[in-house]
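Note that the chains are named A, B and C in the order they appear, and that numbering of residues resets to 1 at the start of each chain.
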Amino acid sequence: MRSRILATLLTVALGATAAACGGDGSDGKDGAPLDAGTKVSITVGCMPAKSQEAQRKEWNEDVAAFQKLHPNITVEGKDAFPCIDPQTFQAKLAGGQMEDVFYVYFTDVKNIVAHGQAADITPYLGQVKQNANLDPTVAKVFEDRGKTYGLPRQNYTMGLFYNRTLFTKAGLDPDAPPKTWAEVRDAAKKISALGDGTVGYAELSAKNQGGWHFTTSLYSQGGSMVGPDGKKSAFDGPQGKAVLQNLKDMRWTDDSMGSKQLLVDADIQRMMASGKLGMYLGAPDNATALVDQFKGDYADYGMGPIPGGTGTLLGGDGYMFNPKASPEKIKAGLMWLDFYALTPGQGQLNYARAKTDGRPVGLPQPKLFGQNATGQKDRELRAASANLPVQNFKAYEDAYTSVPGKLEPPQAQQLYAILDSVVSAVLTRRDANIDQLLADARKKADTALARSGT
Amino acid sequence: MRRNLTAYGFLCGALICFAFFSWYPIVREVLLSFQQTNFVGDATWVGLDNFRTVVEDPVFVDAWVNTAIFTVLALVIGYVVPFAIAIVLNELKHARGYLRFVVYLPVMLPPAVAVLLFKWFYDPGPGLFNQILGFFQLPGLSWLDSTDTALVSLVLVSTWMNLGSGTLIYLAALQTIPGELYEAAELDGAGLFRRIRHITIPQTKLILLVMLLLQVIATMQVFIEPFLLTGGGPEDATVTVAYLMYQYAFNFTNFGGGGALGFMLMLVLMVFSVIYLRVSREEAR
Amino acid sequence: MSETRTLVSPHTLGTRRGRTVYWTVFTTVFVTFTFVFVFPLYWMVTGAMKSPDELADIPPSVFPHSFDLSGFREAWRQLDLGKYMWNTTLYAFGAWLFTLGVDVTAAYALSKLRPLLGRAILGMMLATLMIPPMVILLPAYLTVKDLPLLHVNLLNTPWAIWLPAAANGFNIFLLKRFFDSIPTELLDAAEVDGASPARILWSIVLPVSRPILGVVSIFTVVNVWRDFVWPLLVLPDTDRKTISVAISSLAVQVPQNVLIGSLVIASVPTIVVFFVFQRHIMAGLTAGGLKG
């Protein structure tokens, strides 16, 4: 008798576990659209903060329009500025404090998936109308072993961001940004010769951002971060050495990189906005940050393709789903993303409204769609409402399709932390031994990659 | 019996708070260091794997060395200087209120503010420190941007914002020294420094010991300075054990590794505590 | 006030040479202190009044070119500092309430009621002083995330600040030592008159303990205001951050003068507290330092 009870209990327990685990397989989930009668409320990350008045207003309009369309769904935005605070992102993730639909950088996607911190949305993807039109390279970011875990919001490839005014002052042609690293070096020398604390070229070297930019530069030289199987690091080849040698020459031989190092992106933007910096590697939306936060002027900035042009880093951001979110919430969240992030002329892609609200239009970002009708429509709408000096970004945009965009490596944050130390060494120590640094970093990186493999 | 019940009634709030937020976490730290978890599934026991991971990490040794150097430097600057200041302040008869107020002022700033303020001062270009050096025709330093000076720069901030409390505590201790002792010593012909050595220091020995230990404990856990100023750089020159622990847990999502580091730090501090208890017991005898 | 004899005798000070040395030392100390401890603050306040361009000037201007308060205004508006001030006030107030409620009763029980195992409990509470919060950061964080037995998640709630603040061995130590010094006869008399322990605590012990209560209160409030890494972890929501955490993550996103303005604003409350309660704070330091 007793054992039978036990057996029953066990069966029930097992059944419950199986049901809980069923979430892993797509069989247990239904692909049917959300029933219009089901009331669902979802929290969504990265609502524009109060200080970003125009964007906030547009977000609220979008939510109102969406909820009118789907009266059963309530969208509750969570504002944050910045949307990801890298200091606490991982803590928030580990603490299970994420919104139902949470905001991520491409950088962290692989790790989040590996740790089971995001829900599998493959069964519901059929309902996302624009899914098929996404640029495959971008969509791939959220895929892992045939399953999909999120949708993109913004994407970019890195290029050379520069100050047109300083180019003119230094006798350089602002319409012909440097195309090779040798030209960058030369231009940096001329710009820093202007004196008065002017820095020719700046590079990040703290808070994992040094590693992130090293990766970009490495791609531009044709190098790779990891081997084809992703189990061994590969950044210590001739390309990696060239990247560091170039930095070393600019920093110590030419003294064109300023003396303040351990910079993070906001430091560089502050330097750029105050007109003290010539060039750095960045994405087009840097212009928005420079103008909105640091009171810069759009006319000062321009962008060219990444020097070297052999490859560049493809980055961006998007949304993933809390692993605890119910299928209803996921369905509702996907409908919201479809509406807000992925439909030309709507939500974030409503360029006409952005123009009326006095927001900048015309930056070559995001480029979410492939070479199809939707992509075509998006580009046309953006061009029609452009209010920026778009020609300043023409050199970058023209090269967009010809420079292959590469994704970030696995264990990105850990590799970046390791390379931070390499980049900061080169920028702060005159006698830094590049070969030695790379060899040490390789050892650390291989250990980190091997550990994650188990 | 009744008295006990009432007493535990009064104690229960504190017992609950301590149990949840002090005692249990101490136990949990030990457990954590032998487990691996991603918080979605259950934690698994991994034996010594976490310890192996962190010990094999090349930064591990750096972190301990940096923490040790930081602690020693902070002791040299942050322990001797406040005592010297206190001795001098105790002799001054003018502007006493002002001087005491001013020395404690930085302690009242939120540490995050003090640290961010110094980050700006350390700017090798228009930052305050290099400008002052320049004013005296001295060459500027790289401060945070060099492996040679980064750690010292962290110690400087830390000392600036903590100096005041040590000074005031010593000052209070100095005021309890009976004046007759100095008078007698002087009659014996003891000079200034001999009086300091034979009266001031022995008379304040206990407080000096207590402060020494408290300071070691405080500096062993240095975190906010590397976190906000350098991110551990350049070249991991400012990675401390506490910072590495945070990195493991919240940047590499490896709570087990972080727990192992925390556990080791706890053991080291326990050794200091035992020494402290020994010393203070001997003193009491 | 009659001066007590210190290291240097009044006689030596009275001599001509003594006076010269005294005034030299005094002037040096006065100038150095002002320069080391006050000047950085002056630099901070005036820095917020300079434009980003002026801040980049080499050599820097000692007086700002214009008395421009827009740095402060922008910091207040752009970073929404009012909200974070309010948050921090709320956390500090709650922590104060809990600390007093929990620690005073506990110290009273340990000092005057002396229950079974009281000494052991006191010992365990004081032992936590040897293990600083940073060391148990991860397990404490995990505890708050999922409270054992109750399985409540306190993250993003004020409780995550309030309750751990009450688990403070130092407060227990200070309070118990003060209560120990209250003569037992006083309490015994009241007990004979039939007063309950609660009544005795409220009407006899607390009124005479005002100085120590003041010290504990101020330190609790100031500690919440100064704390960084704990609120950074347990209050990840932007809307709930404390002022220290908020400026550290938000202020990097704004121009330099606005950043400095936010630093000034964030330090005003604690500096004001210091101005007002200077005497209590210093008394408290001494009380804490002279233990042993």
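Going forward, contacts are C-beta pairs under 8 Å (C-beta built on N, C-alpha and C of every residue); 3 or more make two chains touch, one makes a residue touch a chain.
Note that this is a predicted model, so its numbers are computed, not measured.
Asks: Relative to chain C, which chain's C-alpha centre is the most remote?
Replies: Ranked by distance of C-alpha centres from chain C, the top chain is A.
Asks: Pick out whichever of the two, B-C or A-C, is joined by more C-beta pairs in contact.
Replies: Higher C-beta contact count between the two pairs: B-C.
Asks: Which whole number of Å gives the spacing of the CA centres of chain A and chain C?
Replies: From the centre of chain A to the centre of chain C is 40 Å.
Asks: Let me have the rounded angstrom distance from the C-alpha centre of chain B over to the C-alpha centre of chain C, please.
Replies: The answer is 16 Å.
Asks: Which residue numbers or ranges of chain A touch two or more of the other chains?
Replies: 87-88, 91, 96, 197, 264
Asks: Please list all residues of chain C that touch 2 or more other chains.
Replies: 56, 58, 233, 248, 256
Asks: What positions in chain B touch 2 or more of the other chains?
Replies: Residues 125-126, 227, 249-250, 255.
Asks: So in the complex, which bits of chain C are touching chain B?
Replies: 3-9, 22, 25-26, 29-30, 33-34, 36-38, 40-41, 43-44, 47, 55-60, 98, 101-103, 105-106, 108-110, 113-116, 118, 121, 124-125, 128, 130-140, 142-144, 147-148, 163-164, 166-167, 169, 172, 197, 201, 222, 225-226, 228-229, 233, 243-245, 247-248, 251, 256, 259-260, 263, 266-267, 270-271, 273-274, 278, 281-282, 285-286, 288-292
Asks: Taking the complex as given, what residues does chain C use to touch chain A?
Replies: 52-53, 56, 58, 77-80, 141, 145, 153, 155-156, 232-233, 236-239, 248-250, 252-256
Asks: Enumerate the contact residues on chain A facing chain C in the complex.
Replies: Within the complex, chain A touches chain C at residues 49-51, 78-82, 85, 87-88, 91-92, 95-97, 196-197, 264, 266-267, 270, 273-274, 276, 289, 293-295.
Asks: Can you tell me which positions in chain B touch chain C when the two form their complex?
Replies: 3-4, 6-8, 10-11, 13-15, 17-18, 20-29, 32, 87-95, 99-106, 108-113, 116-117, 120-121, 125-126, 128, 131, 134-135, 160, 165, 168-169, 172-175, 177, 179-180, 182-183, 186, 192, 195-196, 200, 206-207, 210-211, 217-218, 220-221, 223-224, 227-228, 242, 245-246, 249-250, 255, 258-259, 262, 265-266, 269-270, 272-273, 276, 280, 283
Asks: Quick check: in the complex, which residue numbers of chain A touch chain B?
Replies: Contacts found on chain A: 87-88, 90-91, 93-94, 96, 111, 115-117, 197, 205-208, 210, 258-262, 264, 323, 413-414, 417, 420-422, 424-425, 427-429, 440, 443-444, 447, 451.
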